[in-house]
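Let me begin by handing over the structure; questions about it come next.
Labels run A, B, C and D following the written order; every chain starts at residue 1.
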Amino acid sequence: MNRIVRITSLGLFFTSLSCSPSSTPGDSPSDSAQRVIEVEARPDRGRSEEHNLEFEARWNELYNTPHDNGDTLVIGTIGDADSLNDLTSAAITGSNVIGLLFLSLTRTNPDFSHAPSLAESWQFSEDHLELTFHLRDDVFWHDGVKTTAHDVKFTFEKQISPNIGWATIKWKQFIKECVVVDDYTVKFIFERLYPYQLMDAVVGAVLPKHILEKVPDEEMVSTDFNRNPVGNGPYRFKVWKAQQYIEVEANENYFAGRPPLDRIIFKVVPDQENLALQLKSGEIDFMDGVPPRFFEELARQENLVAYIAPGRSYSYLGWNLLNPLFQSKKVRQALTMAINRQEIIDSLLFEFGEIPKGPVLPIIWAHHPNLPDFPYDPEKARQYLAEEGWKDSDGDGWLDKDGQRFSFTVKTNKGNQIREDILILVQDMFKDVGIAVRPNILEWTVFIGDMNKKDFEAAVAGWSVGLKMDMTTIWHSDSINDKFNFVSYSNPEFDRLNDAAIFEMDSEKAKQMWWRAQEMIAEDQPYTFLYSPKDINFVHRRFQNVQMETVGWNYNLEQWWVPKDKQKY
Amino acid sequence: MHTYIIRRILISIPLLFGLLTINFFLIHAAPGDPTDIFYNPDMDPEARENIRRIYGLDQPLGVQYLKYIQGVVLKFEFGYSIAKKRPVKDEILEALPNTIQLSALALLLELSLGIGIGILAAVKQQSTFDNAIRVTSLTFYSMPSFYLGLVLLFLFAGGVSATHWFPASGMVDIVRHESMSTLGRLGDRAIHIFLPSLTLGIGAAAGISRYMRGELLEVIRQDYMRTARAKGLTERVVVFKHGLRNALMPIITIMGLSLPFLFSGAVIVEQVFGWPGMGRVAVDAAFQRDYSMFLAVNLIFGAMVVVGNLVADILYAMVDPRVRLS
Amino acid sequence: MTDVMDQTSPQIEVRNLKTYFYTEDGVVRAVDGLSYRLAKGETLALVGESGCGKSVSALSVMRLIASPGKIVEGEIRLDGLDLLQCSETEMREVRGNRISMIFQEPMTSLNPVFTIGNQIMEAILVHQDVSRKEARDRTIAMIRRVKISAAETRVDEYPHQMSGGMRQRVMIAMALACNPEVLIADEPTTALDVTIQAQIMELLAELQSEFQMSILLITHNLGLVAEVSDQVAVMYASKVVEHTSTAELFASPLHPYTHGLLTSVPTLGMSKEQKLNVIPGQVPNPLHFPTGCRFHPRCPVAEQRCKQEEPLLREVKPGHWAACHFIENGKSPIKGADR
Amino acid sequence: MILGLFGLLVGLAGWHAGTLWDTLAHTLEKLFGANVPYTLRDLDFLVSTLFLLGMLAALVLYSGLSCQRIRQADRTAQGPERQWSIVKRQFLKNRLAVAGALIILALYLVAFLCPFLAPYDPVEQGDRVQERLLSPSAEHLLGTDRFARDVFSRIIYGSRISLLVGFLAMGLAVTLGTAVGAVAGYYGGWVDSVIMRFVDMMLSFPTLILIITVIALWRNQSIWIIITLIGLMSWMGVARLVRGQFMALKEREFFQAARALGAGTGRLIFQHLLPNSLTPIIVSATLRVGNTILLEASLSYLGLGVQPPTPSWGNIVYDTKGNLFTEWWMPLAAGMAIVITVVGYNLLGDGLRDALDPRLRE
């Protein structure tokens, strides 16, 4: 399934994901008394082109465990999908449904390596510039038409069409062309060599040519297919009632065999409290990204099982480096030390979170385990600030420097309660060291607009970490204008390292470079890295074979099942 | 009569047009940009430009305005929703009936409850019953709908397990509805719409009952009531035949005027109870800067208000022989 | 002249009627010991300044006094039946059936939202079991009776489509729909202009002879009284101060108040030198009437005695009742009262 | 004269930011020493509300005097003092109305005396680890929120926002409405029909949605912007009312007479029409306050209200609704505060109407 880096907006779209449970496969929580499953993180293996037999074996094992068919899974989600067409979908709910309806060339393993899906196998040419996929010949679109290489080629062409605006178009930037060798063989030709060729080739769901070829590119954004998709995945689209629910039903002639659950329904409930309420009362069976404040109450419910996964996103307090206030590294370090991040995690995340020292989280292979850190130490912070000339000379309790008070506005977006709360906490914490902070909570669109215009002093926002190790769009000096280097971080040495590391084929060398790069950022503290929230999932205990994995809570959704005697619907 | 209706409709056209124009420039003046919802680091600025171009957002505002108006006027075409990836018309055709359902029921509740209680209070005027009713209805009248909704939600929709009588959101039991008997489906819809419509209607009902009481007390003082009594009619006939009809007339107007408030209320209630209606569409559209969606929704709301008032006036003319529509 | 008081079987007889209003600033004695008799087919005029309790007394007879008003004492006999003893249901049988009433303001006394036909029919339908069809025919007949042209069409018109005079006719039609024994006309013409007044009174007189009903005419207009009524009862401050036949009253008013009343209206053939007499002071506040004779503060001949002793209504000469200490052998205390 | 008052009112709104405040604060500091119970924010509130109460008093007085005028015009023999004694008695007779008045009075006292009444500072955070989400107790009557702030104190301070919004927004709405309605009603003809079309148009906006859009035009939603918006969104009712009044009054003898005597437009409006329309205006104004408060609450609930940490009842509910499972009393209390206030204003309004409006007198 297609996961991409995205700014977590409105707090509704945390791309959630968990790691392999300590419990062995098949042994599902309802057998054991265990009702809260803490999962330990394991980083991906980075550049991974060869199959991972261990995981594939497990996948098949899961598939072949004896099970009953029937019952329905109701998934609670706060936002409606915008489109079920991978080319036009932007909302996370959409991509979750798409994951059930459509196949990609490969499936992602728990360790981010690639497993066969639509493509049975693949290999690179000698020069590593041509990547050939051998497709299954027993995959049918839900309308009965066979899925062939032509669909793959067609999909690629649509993905790179400027008149459609596919969200992840950039991933295809180094692919020169896509060639159909025969009905079940397709070849991607690359312009250059780099670690993520395979991933770039397979990203995105394969779409049915025979239906979409009639649609002009300009009309793709509003074509009927967006709402009545015809896929080739384990589930087939049944009905979508706007703002109510999206229902998919088991695909009887799925190549891997009929999935156990009759129906999976994504129920849209626009209100967090209401969602939690329905989880409690059993009106919905599953919810991911449960706000921590509800954990206590929900964990009390006999019929719910909690999966706690390490977060794939982090929130930060970004300092606008164009603003004279924040141009000194020492000041930024002092600001970080003035913030008690552990307390933020304890009080706002109810301890469901960790302090990230840098922009690369532990679950990524390039993660640097021991970066320089600036732990909470108001004394030291004051001292640093004093060294930079910020003292409380007029004794009014606020720091000042040549007659100017140390005060600034922190912006964030509305709707994400934790972020709104952080402003309140931070305001209080900075007060202790004599810095006056004004919170300013803006609508999402307004907030983003200001960030782009650099119209902010400091801002709280978040990133969710992508599958690819690439720091360009957020940290590179080229990305300062209308890209995502909001804080205008500019460091020639970093740029150089980054550019080199991206194309370094030797994972070990690459790792060294990435570590160096992370050290620089940690040192410069253009962000104060606030927290990386754990992802809380609750699922009704009647579901067996629930295998939440690194690639997402829905890693093996198509394999969940309910024993006949426990079936609810 | 007909000429009157036609004239009213004609008058309302410039009104709606003005509404449309104001909204158009308002929403465009608001900072932010619809393509912000596609915002993610993998999307190149070019890709965003593509989308802006596809939706014609790259053209000067004046041109966009003219195009939009042209579309609406000539083809009755409301453009495409950027956030929903579909023609605005489709989305609205899906949401509108739900809101109408909700509002209609709320209105029904509002009138039946309001008028009934109002009459009781007036007839038992100054009694403790009257005061009790007045205070209670006032309390509901003064209660923010979101608050009432929240309370009801937690009391009767799962917060308290003992009294978990109603579903917390949606229009139907999405899992079982299909497999239900016709009667079952009806019941299913009923229990789903109950809390939302109650939340939406009860406040207004309280308002109506206050008016009703006042009006009836006013009418009871009239000479013709004395005449009626002098005829030897029973008190019931006097109050209900001679009193009520007169007292109801102003209520009709109030009802007409209360429509926009009903819709504003729907915005909140639909949020709290996850009711898939226009209110939610409107709020989303406003926040996501989904221009054409926002415009269309407001236009519809405006039109409904206009029609509502028209209907109210016609009703009025029907019950009050002194009023001639011309 | 017939003797009013011991006339056989009075159509309606009121004895010592007291209707009080219990307001928060005290008891308003709107009617305070009122007595009169009204013979079959006759017209009794109840005269007095506004606020003297005329209308209240009328409403009392209909038992239409709403709180805080209350009939505290007295008898109202309709053919011997004491209305004050009647249950509400029995009373309803009487209202609009045996006694009916027309009110002062025809403009507001009709319900604006029903056709006049509907409103007249109502009266018929409650009191007599007839089909709607029949009731409607009668209604039309009734409307014709009160001299409204094109009754068939008028029957379906609404009050607002009619002039004041017309509406008063409708009121009359409504009142007479079940040809009652007694008609109470509360200032039936004050709201109308003079020419219409005449017509209405004429109509009433006509209908009276036709239906053989008694009329209690409440008015402050002595001109009217002189024209239509057989008997007159003069009210002052919630009481009757003089009661006799119209002719007698106009010939020799005995009570100083009556005298004042009569001389305060211009009469024909009144020479210019004679100037209009004006009663000094104003109507006493019903909250606290003067002690003794309630008229004494304004009375030209009042003496100490009047302040303490309340004069009773007594037969000062045959068929002539008045309440004043100073009337001896039918002579008014005021010089030149008899003309 | 209303316009004049409104001028002042707007002046005040702008003025509140002005330096004048600092000087005021400093003088206070000089008077009380460093530990002044009132902060700048407090003064802000104090002055504006005092001013507004003053304005209302002035209006009532004005209308009282004008009542006398119309009485005389109507030839009903009643001196003003009689008139007033009646009004007073009528009002006091109405127990509910008195209760309402008392509620409002109490609320204003609370709002004025926050610094003394509130046991804690509403934005001051306690020990966020030890003292957060405490249950109600002697020292925290309503417990503490997740920032370890005393909820009771926050609700007490929240009264200011609600009262301020209610009052100012209503003032703005009524002034605007009166002005527009007056023009329409006085001139009639095409002026009237044009204005009324506009009013109809405004009325067919679903207020909430429009505010959501317009509010985005401003970077940060200061309380003053919210007040202005709410005001601008709720004047239409008053306009209709005033217009109706004017239309009716124009038919009355005293007006015809005044016009016949050649009184100028200004005089006609301000001496004859306006004063005699004031009674209904005041009544509807009082009743309107409730609505504006509710609107502010709804906005806060959508997260569009005053910026945190400033407490307003609306945003306390919004902010604590997540605690409904466990610390349900927080949102409950804040909500009840809203309800009670609005009830108070409505009772007061009803009372005033019954007292001021002779028709309704039993």
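One rule holds in what follows: a contact is a pair of C-beta atoms (placed from the backbone, for glycine too) under 8 Å apart; a residue touches a chain by one contact, two chains touch by 3 or more.
Predicted, not measured: the structure shown is a model, and the values here were computed from it.
S.K.: Using CA atom means as chain centres, which chain is nearest the centre of all the protein shown?
M.R.: Answer for the innermost chain: B.
S.K.: Can you compute the centre-to-centre distance for chain B and chain D, using the mean CA position of each chain? Integer Å is fine.
M.R.: About 26 Å, centre to centre.
S.K.: Find the geometric centre of each of chain A and chain D from their Cα atoms only, then give the gap between the two centres in Å, rounded to an integer.
M.R.: Spacing between the chain centres: roughly 48 Å.
S.K.: Find the geometric centre of each of chain B and chain C from their Cα atoms only, then give the gap between the two centres in Å, rounded to an integer.
M.R.: 56
S.K.: How many angstrom lie between the centres of chain C and chain D, each centre taken as the mean Cα position?
M.R.: 54
S.K.: Where in chain A do residues touch two or more of the other chains?
M.R.: 273, 443, 445-446, in rising order.
S.K.: Pull out every residue in chain B that's touching 2 or more other chains.
M.R.: Residues 31-32, 150, 154, 159, 271, 287.
S.K.: Going through chain D residue by residue, note those that touch at least 2 other chains and give them in order.
M.R.: 216, 321, 324-325
S.K.: Go through the chains and record each pair that touches.
M.R.: A-B, A-D, B-C, B-D
S.K.: Hey, which residues of chain A end up touching chain D in the complex?
M.R.: 272-273, 276, 291, 293-294, 296-297, 343, 346-348, 414-415, 417, 420-421, 423-425, 427-428, 439-443, 445-446, 450
S.K.: Under the stated contact criterion, what part of chain C meets chain B in this complex?
M.R.: Residues 62, 64, 92-97, 100-101, 103, 105, 108-114, 122-123, 126-127, 158, 160, 171, 174 of chain C touch chain B in their complex.
S.K.: For chain B, which residues count as touching chain A in their complex?
M.R.: Residues 31-33, 36-48, 50-51, 53-55, 80, 82-87, 91, 94-95, 150, 153-154, 157-159, 161, 164, 167-171, 174-176, 271-274, 276-277, 280-281, 287-289 of chain B touch chain A in their complex.
S.K.: Can you list the residues on chain D that touch chain B in the complex?
M.R.: Interface residues on the chain D side: 96, 197-198, 200-201, 203-210, 212-214, 216-217, 290, 294, 297-298, 301-302, 314, 317, 321, 324-325, 328, 331-332, 335, 338-339, 341-343, 346-347, 350, 359-360.
S.K.: Of all residues in chain A, which touch chain B in the complex?
M.R.: 4-7, 9, 72, 74, 82-83, 85, 88-91, 162-171, 218, 221-222, 226-227, 241-245, 247, 263, 265, 267-271, 273-274, 277-278, 280-281, 283, 443-446, 448-449, 463, 466, 473-474, 482-484, 569
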